[in-house]
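First chain A sits with chain B, and in the next complex the same chain sits with chain C.
Let's look at the complex of A and B:
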């Protein structure tokens, strides 16, 4: 006998959590797109999605947020620091790739300077992941040595029941346990079997690809130009990526007052590394695509011992010209044979 | 012989004889109905070229990639009528020499693929002319009518919701053959004309700036719309501007390579006195 949560009890849970002052967030449709967003009722959720179009990242690292307001006076500069809105949150119905993506970025945001914007949100959030029972052609978690039911970054793992009526509950952390204690009366014991998790085919040889990337001579390989020739240099892949974390700091306002903001930025843009002089060390799109791959599978693991990719596949799924990490690492896997 | 085979044979001939240095076409994509842009430089590789009704992307933007045409050699490209119009505009705006472009024209009507006869852009005048007669044509008539019926407030609310999704990835700009500026206005920061932040104001600024810059220049190929990862119906905006330009100036973009850009040209007898 194990603990289960029935779908028709979920609305009671949402109500209970909300009554306790918790914001309940999950996969929903908003204006012709699927996102993780706050809900009023459980009926708004769509658990049938392979995964939402937009990643969970923006709940921790929004596309733009104010850092401080400033006013420049005759003798002084007044600043008011801005912090993100505070309060407990439950993200119900994350996917394993999204949840693990947040855990992948923790060491980055905690390295040398501890990013209080990130960690305030991380500490106030409980991530409840639902194991995938279906995948699409772009899913690639298994190629990253993860699984559709990986627990990394999650506080609770739910396994869909075979009968489709609910989920098996596996509490993974103290925070997860606390959140589910609050809804204990809506859980029940059951011997219902969980459904088979999705079968995600391995698409490339990660170890061989990483070994190829680590060879200094391959930095100048012709491969980079060939693979990225059709790249149009937009930021669709980086902005939908749960682990891409680059940002820019911009002052908006006039000479006397304004707001300093933290905005997403992307290594795909020519402007990303443009120097004031006009010189650009990454002057071509191929150098920029190489950077993205090298960063994720060579530099990031070199520093934090983990690849900066959780296998969600959004980069390939949404690319206007059908590129992505999968194709690139597939081609590198072939080169390293 | 299928059109695909005919075009493969023509590509082989052009590449073998050195008549073109490259063929920009479509290849197989990740999934069954996805096609991706491919660049063929060797006659041995023409077998990779695919042509069917899934070939949708307008490839004309690749022609203005930095340096591609600067050696004055010819490049061949697979184009639908919208793409052919884009060549006319790029030529009229001095972005390329139309004589360097060899066109593999095709169109899809009712899921049926047909070849368009011609090599150089002026040979497609008839096909383009028929577009003018039907212009402005727009696929999603239902949504268009719905928006036209809205009050100004409702329309504002509609676009507010749509632009709220914008993440400023600039996929619309990068996918657009008409957005060829080496440095976009939003990337200029001395001075900073447009907010870089992706908040309500910044998103409105960006999308409105782009709409104005494309007025009288958009061929409605839909590249922006399809590229948008957050599904903003961007074509609606450009379509609306095309309708306005047609009404005000009797101008449909891309009719010939010598057609004057409507918002960048003037006549001494213009009725608007403020222009001179």
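Let's look at the complex of A and C:
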């Protein structure tokens, strides 16, 4: 006998959590795209999606957010910190890839200097992940040595029942347990069997690819020019990626008052690294695509012992010119044979 | 909901406010500003953390932040001096700021020159154009404790006589008996009364032929100067591990998160900006 949560009871849970002041967030449709967003009722959720178009990242690291407000006065300058709206949140129905993506970026945002914007949100969020029972051609978690039911970064793991009526509940962390204690009366004991998790075939040889990337001579390989010929530098891959964390800092306002914002930025853009002098260390699209792949599978793991990719496949799924991590590492796997 | 499992600390993006207490035009478009902290807490933090080689993000609200070195030495921490060329949006706003105006500062960030390891050694400083400011921080850090070092040689060149920065300090170093200053300007950049060398830095360096024995070289300049100066230093017999330089790249955060200043796997903001020539030669050269 194990604990289960029936879909029929989910609305009661949402009510209960909301009554406790918790914002409930999950996979929903908004203006032609699917995203993780706050809901009023459980009926808004769409658990049938393989995964939402946009990742969970923006719940912790929004596309744009005010960091500081400034007011310039005669003899002083006032700086007012803008912290994210505070309050507990439950992200219900994350995917394993999205949840692990957040855990992957924790060491980066905490690297000696702690980013308060990231960690306040991390601290106030419970991630409830639903194991995948279906996948599409772009899913590649298994290629990254993860599974559709991996628990990394999740506070609770739900396994869909075979009969489709609900989920088996596995509480993974104290905060996950606390969130589910609040809805304990809506849970029940059952012997229902969980459904088979999705089968995601391995798309590339990660170890061989990483070994190839680590060889210094391959930095100058012709491969980079060939693979990135198609890239139009639109940055869709980086924006949709759960682990891509690059940002820009921009001021909006005038000489007297305004706001300093942190905005998503992308290594796909030429301006990203351009010096004022005009010199650009990464002046070609191939240099920029090389940076993205090297960063994810060579530099980032060198510093934080984990690849900066959780296998969601959004980069390939949404790429307008049909390239992405999968296609690139498939080619590299071949090169390294 | 639960206890704070992520240990947070003060906002890393919040700058200190600094007052411009003096400014000096160095060369066309190049200006030095002396800055003082308004808040004693910020000043105390700076005094405790600043070592020569570290950099800061200087800013004007409404315009943004710009990265350059702290040009003053670690032996003088009552103020910060910075020298910049007016070239972009932020540096233009800084250039428009007057004595008494307030600007922002974040830092000091990055690593430093290991001055203690230079004790007892001869020092060779090589610099070109607007790259004297980072070198000047090291020079004064050493000259302020002159007895701890051997022979001090400074080779400095600029495109024209007008482009030489810190002209008053160059005169001071020229007059000192315990400093050998070799000044040069590019051919065609000399003025009628120019009495120093004419020629590019690498050539002048080879003519001056400083001995590599027990000597540390600190070089800073435009990429093309660095490239040829490294070749000259090699000819003179310098070991790459005894040659220090400081890199710069576009930065936004300064603390290893915004993702743009890396050269290969090395983040200039966190692991730099000070590197030995040996370290630089291990980096992917196409990414520099």
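Following the convention adopted for this analysis, the second predicted complex is superposed on the first by the 337 of 337 C-alpha atoms of A that agree within 3 Å, B and C clash if a C-alpha of one lies under 4 Å from a C-alpha of the other, contacts with A are read in each partner's own complex, and residues count from 1 in each chain.
Here is the rule we go by: a residue touches a chain if its C-beta (ideal position, glycine included) is under 8 Å from a C-beta of that chain, and two chains touch if they have at least 3 such contacts.
Just so it is clear, the model here is predicted, and its values are computed rather than measured.
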item: Combined model on chain A where chain B meets chain C, clash or fit; value: fit
item: Contacts of A:47 with chain B and chain C, given as first, second, both or neither; value: neither
item: Touched partner set for A:248, first chain B, second chain C, both or neither; value: both
item: Which superposed partner A:186 touches (first chain B, second chain C, both, neither); value: neither
item: Partner chain in contact with A:304 - chain B first, chain C second, else both or neither; value: neither
item: Larger contact residue set on chain A - chain B or chain C; value: C
item: Partner chain(s) touched by A:175 [first = chain B, second = chain C, both, neither]; value: second
item: Chain B versus chain C as contact partner of A:223, first or second or both or neither; value: neither
item: Where chain B and chain C come nearest after superposition, their Cα distance in Å; value: 5
item: Set of chain A residues, in rising order, touched by both chain B and chain C; value: 248, 250
item: Chain A to chain B touching residues, read off their complex; value: 30-33, 53-54, 63-64, 137-138, 229-230, 232-236, 238-240, 248, 250, 252, 261, 263-264, 266, 269-271, 316, 318, 320-324, 326-327
item: Residues on chain B engaged by chain A in the complex (per definition of touch); value: 29-31, 34-39, 57, 61-62, 161-162, 164-165, 167-171, 173-175, 187, 195-199, 202, 223, 226-227, 229-231, 233
item: Sites on chain C touched by chain A in the complex; value: 1-2, 4-15, 17, 38, 61-65, 87-88, 91, 102, 104, 223, 249-250, 252-253, 255-265, 270, 284, 286-288
item: Chain C contact footprint on chain A (complex, rising order); value: 22, 67-68, 70, 72, 76-77, 79, 81, 88, 106, 108-116, 119-120, 122-124, 126, 174-175, 178-179, 216, 219-220, 245-251, 253-255, 258, 260, 262, 265, 267, 272-277, 279, 281-282, 287, 291, 294-295, 298-299, 302-303
